[in-house]
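A, B and C are the chain letters, set down in written order, and residue numbers restart from 1 in every chain.
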Amino acid sequence: MGWLGSSLLVTYMSLVILIPVIALVGHAFTGGLPAFWDAITQTEALDAIRLTVLVAFATAFINAIAGTAIAWVLVHDRFIGKSLLNSIIDLPFALPTVVAGITLVTLYGPYSPVHINVANSWVGIMVALLFVTLPFNVRAVQPVLESMDFSAEEAASTLGSRPLRTFIYVTLPTLVPSILSGMGLAFARAIGEFGSVVFISGNEPFHTEVASSYIFALSQDGELNSAAAVSVFLLVFALVVLGVFGFLSRRISQRIQ
Amino acid sequence: MKRRSLALRFVALFYVAVLVGAPLVLVFQRAFSPGLDSVWHSLTASDTASAIRLTLVVAAITLPLNVIFGVGASLLIVRHPSKFSRLLDTLIDVPLAISPIIIGLALELAYASNGVFGRALAHLGWQIIFSWPGIVLASAAVSLPLVSREMVPLLREIGDSQEQTAATLGAKPARIFFTITLRSVAWAAAYGATLTLARIIGEYGAVLIVSGNITNKTQTLTLDIASNFENFATQQGFAGAALLAMISIGVLIVLSLAKQRERKNYEYHD
Amino acid sequence: MSITIEKVSKSFGRDEVLRSLSLEIPTGSFTALLGPSGSGKSTLLRLIAGLTKVDSGRIWLNGVDVTDVPVRERQIGFCFQNYAPFRHLTVEKNIAYGLKVQRRGRREIASKVEELLSLVQLSDFATRYPHQLSGGQAQRMALARALAIEPRVLLLDEPFAALDAQVRGEVRTWVRKLQHDLGITTILVTHDQQEAMEVADKLVLLNKGTIEQVGPPSQMYDEPATDFVRSFLGPLTTFDGVSIRPHELELVPESASSGQVVTITDVVRLGFEVRVVVDDGADGFTWVQLTHDEALLGNYAPGQRVRLRIRRESHA
């Protein structure tokens, strides 16, 4: 590939992502470190970040369990409609977040046809996050379960272990790395999620406002530097969490082998 | 054992039904319960029609750009290692780790007419932010890695011996590219392109910031759906949402077909 | 088509893979390039094909300097170890690829492909895809594809490595015959010395990027230039502190007049050959290769004491 081709590619990527990120970091620190610190320690900012992180953690945790169970069912169980279940798992990947957002608030909000109202609360936020991150958890575990060597598991069950014990002591340890990497992806996605959350969360400052809504609100109020500061913090946080989960997952899989 | 796994099956089904199945059913139920006429009216109302048009235009510009970029970047990363390609390799996945809101904000900061880069462009009479070029940039940014993520592992796995064999058979680089390289990764590229298209059409957060959200002007379909929903034109909002949901289902079908084809072509005998 | 390699060097980073290597390959010969893993065999082959550029030195094909000629113009048939089938094309389209590049007419391509298919015995598999072929069939397809452009030279990089022993032997004999019939200059890379001696009329033994010895197989086996060549081309054992081929030793009864008294520790039957391991009490273990008949005659068993000496015939 010629020099021209490579420079076109790098130019395109610079225009689309590199220059904007540099501008973002530049704006975050235009007032120096004190201004940056000020921006991310505003009570509203801290509340939004705390809420986002806690709910994202809870989400990743719940979906790690649910996703593993679903993956297990998809791999081991047989029933009519399994392939439908398998394809519907990917829907949150393909469905625009705004569609998820208005649908979830209609279904589980004040006018719920099933009389469940979790709107304007952290539970509502979590429902939206559970929806958008489910495929990460299922798809991280499923291929590992599929390719797993079942002789160990079978040996354990012929030795008289109960199925549940077999799962906990034999199957689960080998799944931990993939469960962790699924959690990492889900967590990173949940931290930045916007479209599916804003409708059901109610966006009430200090209470149900997630970090991305807070950044959006700041940007609408023209507080671009503060918005940039919180963004940079959130971005670094997401990268660190991804790194930590990736590291843990690699370490554990090394120890298993 | 039997009873327990049956219980697990129902828990899994229930979870997916409540979380994913019910919303999907609800979208169509809300959209179609007042009848097809009403759906048609909603979709052809001036704001929605113009939003659909803008979405199509943005997709028509962004999709080819990102597919060409993705194919080129994958080849550069896998086949021509250099300083350039390492830079690409590290930066290309960044958008996946960033909130779309932050991507939108970053684009606004760079390209707004009072921004670092935008000022120069504004002097040339180019408005990026609050206009369609900004929407194209936002769509391009959020979907940037989707093609290369599919292609890079496949290119690595295939290796370059087919390309080198073609060269010994007398083929020139362009011919090798079109008859060997592109053909052997075609389904992966198609898969990535489909993901890219879905992402472009469905993007909300990033576009919300850069577009200015002006009805009949800079609203894409997702923005139009949101503003209809917020302005109590629920019916119209759900009509658009159902259209997008149908596109998503179509996307999923295309993806599973592409996966199947890819597997079929690349199954090795051993 | 003769190949002349003149003082060719190649490094990857600080790793000097070929060191000022010169080699002459006569027209129509079948040369085996032999050497341990990492000795630079594949690199040399790739340099001849033009898939990798030389750092210094020249390469000549039939007296024409091709050092700076790109791969596609060298007209060299090349087969990779993994056969590199074009996975999205059928067998016949794989074979036709080079002909299409040459813009031959459709009729000509069709008849040429048919001819090649029958040459490599794949006529019944023309419309299959590579993943529907066995290893041996894929190998033959790759050969036919390389032969289609009527190459001046055929370069085969460990072409039989992925085949099981049985098929390997068959394909090997077949390639040997094909080469003989077509008279095309061929270089085959292998690290199997037996395979090299079986098919080639000339051996080139590489070690750490330089040539240890070149010559006909029998000559190199009998008159190895260095210890490395000797040990690489056949089994060795030590007797009286010198290395020697195990078939050059023999066992005689303890009552015989000459030879060193040793104790048999193991008797291993390997088809027609029998390997007897003996302990001389001082130097350690030595092994002797006997024919089946010799072993039967001696009725050797572990624990037995015998005399070990150098075979008379090999002295004569």
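Here, contacts are C-beta pairs under 8 Å (C-beta built on N, C-alpha and C of every residue); 3 or more make two chains touch, one makes a residue touch a chain.
Since we're looking at a predicted model, the values are computed, not measured.
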Selected interface, A-B versus B-C, where C-beta contact pairs are more numerous: A-B
Most central chain, Cα average position: B
Averaged-CA centre spacing for the pair chain C and chain A, given as whole angstrom: 55
Distance from chain C to chain B - Cα centre to Cα centre, in angstrom: 52
Rounded Å distance between chain A and chain B, as computed from the means of their C-alpha atoms: 18
Residues of chain B engaged with two or more neighbouring chains: none
Contact footprint of chain B on chain A as seen in their complex: 1, 5-10, 12-13, 15-24, 26-27, 66, 69-70, 72-73, 76-77, 79, 85, 87-92, 94-104, 106-107, 113-114, 127, 130-131, 134, 163-164, 188, 191-195, 199, 211-213, 215-216, 219, 224, 227-228, 231, 234-235, 238-239, 242
Touching residues (chain side chain B, partner chain A) in the complex: 1, 4-5, 8-9, 11-13, 15-16, 19-24, 26-27, 30, 65, 69, 72-73, 75-76, 79-80, 82, 84-85, 87-88, 91-92, 94-95, 97-111, 115-117, 137, 140-141, 144, 198, 201-205, 208-209, 222-223, 225-226, 229, 234, 237-238, 241, 244-245, 248-249, 251-252, 255-256
Footprint of chain B on chain C - complex, ascending: 49, 51, 70-78, 80, 82, 84-88, 97-98, 101-102, 129-135, 138, 142, 145-146, 148-149, 162
Chain C-facing residues of chain B, complex: 158-159, 161-162, 164-172, 175, 179-180, 183-184, 186, 265-270
